[in-house]
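Multiple structures are listed underneath, in structure tokens.
First subunit A sits with subunit B, and in the next complex the same chain sits with subunit C.
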Partner chain A sequence: MKNLLKAGLGVVTSIAGFIEVGSLSTSAQAGAAFRFRLLWAVAIATICLIFLIEMSGRLAAVSKHTLAAAVRERFGIRFQSVPLTAEIVLDTLVLTAEIGGACVALHLLSGIDARWWAVPVALMVWLLLWRGRFSAIENGVSMLGLVALAFVAGVFLLRPDWGEVAHGFVPSRPPVGSDAAHYGYLAVSILGATISPYLLNFYSAGAIEDDWGEKDILTNRIVATVGMGFGSVVSMGVLGMAALVLAPRGIRVDQYEQAALVLTQPFGKWGLPLFAASLFIGCYGAALELGLNLSYVLSQALGWNWGEDQKPKDDARFCTVYTIAIAIGAILIVAGVPPLKLTMLSMALTVLILPLVVFPFLVILNDPRYLRTHRNGRIANLVVLAILALGALLALVVIPLEVAGGR
Partner chain B sequence: MADDLHAFRDLLDKQLVDRENRPVGKADGLVFEIRADAPPRLVAIEVGNAAILRRISERLASAAARLARRLGVSSGEPLRIPPEKIVHFGNDVQVDLDAPRTLAYAWERWLRKTLISRIPGSGV
Partner chain C sequence: MTTARRAIPGAAALALSLSLVRCGGGTDLRQARQDLVSWSGTLAIAAEQWGRGLDPTPFTRTVSSAARDALKETARDLAQPSSQGDAAAAELQGAARRIEAGRQALDAAIARRDGPAAVRLAGELEALRRQLRTEP
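Right, the complex of A and B next:
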């Protein structure tokens, strides 16, 4: 039971990687446009993420230093200022998009215009960060996040052609006569935007909040796998539902009302509330995670006192950071900034800084002063090198693909 | 055995903690004294926004110092810790200070007073 609770950190981390507003819409678009053919991208992204998450957790458990702190200490502020600045911008953009996504979910449920929900949603996010303890956030959100398994259940209820599903796991070129640029764009979106720096930083900070130590190394490995596996399965479920429900009708996802259709076929009148609940919890959880992550990376890179379990008066700088970020997010949504546009921008930014985020893993995870006897093995290092190569490739193609294939 | 200290490997950018292992800040800058008839000598570890920003851009550093002065946070100068205060070297560097009372916590104290303590539930 105790180990089951530890899985909460993995599950809550994966929500901001797979179930947040940008990932949900990307998966739905991929399924609607190319049926099961892009499942391989979700699978590769998941494997990369499991490895990097495991490393972030192991670093924190053994050295009691988070990833952001170790990058500062090992690479210095001159190096870190680039990925750190990018991550602050990125986290604020994605936080804004999540507040927007949660507003859309409430709009779907209530019919009230999404912009009216921006301030209440922002207050809900802020209040839980202000008053809540870390364990309440991770366990509460991860429990509620299980509702998103409705997408996976839906796929089974609709009995897909499992041969076609299996085929989707083999990387393939876009089908003849289809929009190749859009296919490439979606593949890069799935791969690049899943391997986000905020997941890695958040997870390693969470391992410190939960006071993990060397005894938790095996737990960390399981939590990383189970957590990212959960997010991945939900993401595949969304893609599958879009493939089964939207693709045959030729519906392309450019509005959430259309994406919401996917659950009405298997679940009838429960479909829309289930979709809205999943979207809301995904976005709300991701917003909590991003707000906290902003406070984490700044505190840890600059060496401040930090911790979600402290009273706000005892880490005023920490609390000020998320308070300001949430206020900015709410203002942008009230001003009418469309969340989906923000996710496109943030995807490009995520992919562009990916190599700078991954490279330190090669150095820090092999440093005996941090990892002692728990340094990376050869396979782990090869995986990091492969992700680095993949990241460099993605960074080269992301801008042209976004121009040619984004919509 | 007396180990060598590599200022850039073992000190610069490292986490500084106080007597009770509370974070002070990072070692944002190192100040050496240049002497005519002897080798340079480390005189202080600097902690503070101005010290970090000085390594990136002098203009940003003076803007940060001006902001701190205008808001009444501090003089804008970084905290200077003399090397005699160093107690222990490791992944973290322990110094003989009481962190929350130092200049490194000037923004922390200012934000607590002007913003955080005015919001209900801050624990003040």
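Right, the complex of A and C next:
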């Protein structure tokens, strides 16, 4: 039972990787435009993320260093300043998009303009960070996040052609006559929206908050696999529902209102509430995670006192960081900044900084001063090299593809 | 010059040329047709689901208002000169007007709480969508 509870860290981390506003819309767009053909992109993103998350957790469990703290110690603040600055900007953009996404969920249910919800949602995020403990956040959000399994259940209820689904896991060219640039753009978006730098640091900080040690190495491996597996299955469920409900009618997902139609067919009156609840919980959980992550990376890079379980008066600067970030997010949403546009911008930024974030894994995870006997094996290093190569390639193509294939 | 150094100006040139392709050349009728197919399909499902009492009224109104904004934008695009011929653009403009009329009829059905009318409208919008999809 204790080990089962530890899975909460993996699930809550995966929510910000797979079930947040950007990933949900990207998966829905992919399913609506290309049916099951882009499942391979979700599968590749999942494998990459499982490896990187496992390494972040192993680093924290063995060395008691978070990723940001280890990078600062091993490479110095000068090297770290570029990815750190990019991550602060990126986290603030994504946090804003998540607050916006939670507002959209409430707008879909109530019909009240999303901007009116920005301040209440921001207050809800801030209050839980201010008053709550880390275990309450990880277990609460991960339990509530199970509602998103409705997308997976929906796919089974609508009985897809399983041969076509299986074929989607094999990387393929876009269908003849379709928009190849849009296909490429969506594949890059799925990878960019999933392999997000903030997940890696959040997970390692969470492992420290949960007081993991060397005895938890196997647990870490299971939690990383189960957690990311959960998010991945939900993401595939969203893609599948869009493929089954929207694609046959030629509906493209340009607005959340279109994605929100997908669950009514299998669940009737429960469809819209299930969609809105999944979107709200995914975005709320991701906003909590991003607010915390901003405080983690800044505190760890600058050597401040940090910890969600400490009282605000004991780590005032840690709490100030997320307070300011949440306020900025709320102000931008009230001002009418659309979450979908922010998501596109943050996805491109994520892909651009990915190589810088992944490169330290190759050094730190092979350094016996940090990992002792638990250093990376040959396969893990090969995977990191492959992710680095993929990251470099994506960084080169992301802007041309965003121009040509983005909508 | 290393491969990476050669690749960066290459990518920048590709980005520039792609942006010129997207920005120039007037209205993209293929894109406009896809938008019309997409929004007529969206309105058809929304009308069907509301008419059968499956989706709440505020949500269906939200879908309708999102469709209104999108259709307005497509109509504006179609009003610009097109390299693919004025006749094709005019045909799509007509389709956009019919979809907008269907959307307004859905709003009216919602105001009257007339579920059967919304289901009938869903059928008409669906027929329009099929017609748009099969035409070149």
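Assume the second predicted complex is superposed on the first by the 407 of 407 C-alpha atoms of A that agree within 3 Å, B and C clash if a C-alpha of one lies under 4 Å from a C-alpha of the other, contacts with A are read in each partner's own complex, and residues count from 1 in each chain.
As a working rule, a residue touches a chain if its C-beta (ideal position, glycine included) is under 8 Å from a C-beta of that chain, and two chains touch if they have at least 3 such contacts.
Please read these numbers as outputs of a predicted model, since none were measured by experiment.
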item	value
Subunit B versus subunit C as contact partner of A:Val334, first or second or both or neither	neither
First, second, both or neither for A:Arg72, with subunit B first and subunit C second	first
Partner chain(s) touched by A:Ala404 [first = subunit B, second = subunit C, both, neither]	second
First (subunit B), second (subunit C), both or neither touched by A:Leu149	neither
First (subunit B), second (subunit C), both or neither touched by A:Trp130	first
First (subunit B), second (subunit C), both or neither touched by A:Lys269	second
Which of subunit B and subunit C A:Leu109 touches, first, second, both or neither	second
Those residues of subunit A which subunit B touches in one complex and subunit C touches in the other	none
Touching residues (chain side subunit A, partner subunit C) in the complex	107-112, 181, 245-246, 249-252, 254-255, 257-258, 260-261, 264, 268-269, 271-272, 396-397, 399-400, 403-404
Subunit C residues touching subunit A - in the complex, by the definition given at the top	7-8, 11, 14-15, 18-19, 21-22, 34-35, 37-38, 41-42, 44-46, 49, 53-59, 61-63, 66, 70, 126, 129, 133
Residues of subunit A that touch subunit B when the two form their complex	63, 65, 69, 72-73, 75-78, 81, 130-131, 301-306, 311-317, 319-320, 323, 369-370
Residues on subunit B engaged by subunit A in the complex (per definition of touch)	12-16, 22-26, 28, 47, 52, 55-56, 91, 99, 107-109, 111-112, 115-117, 119, 121-124
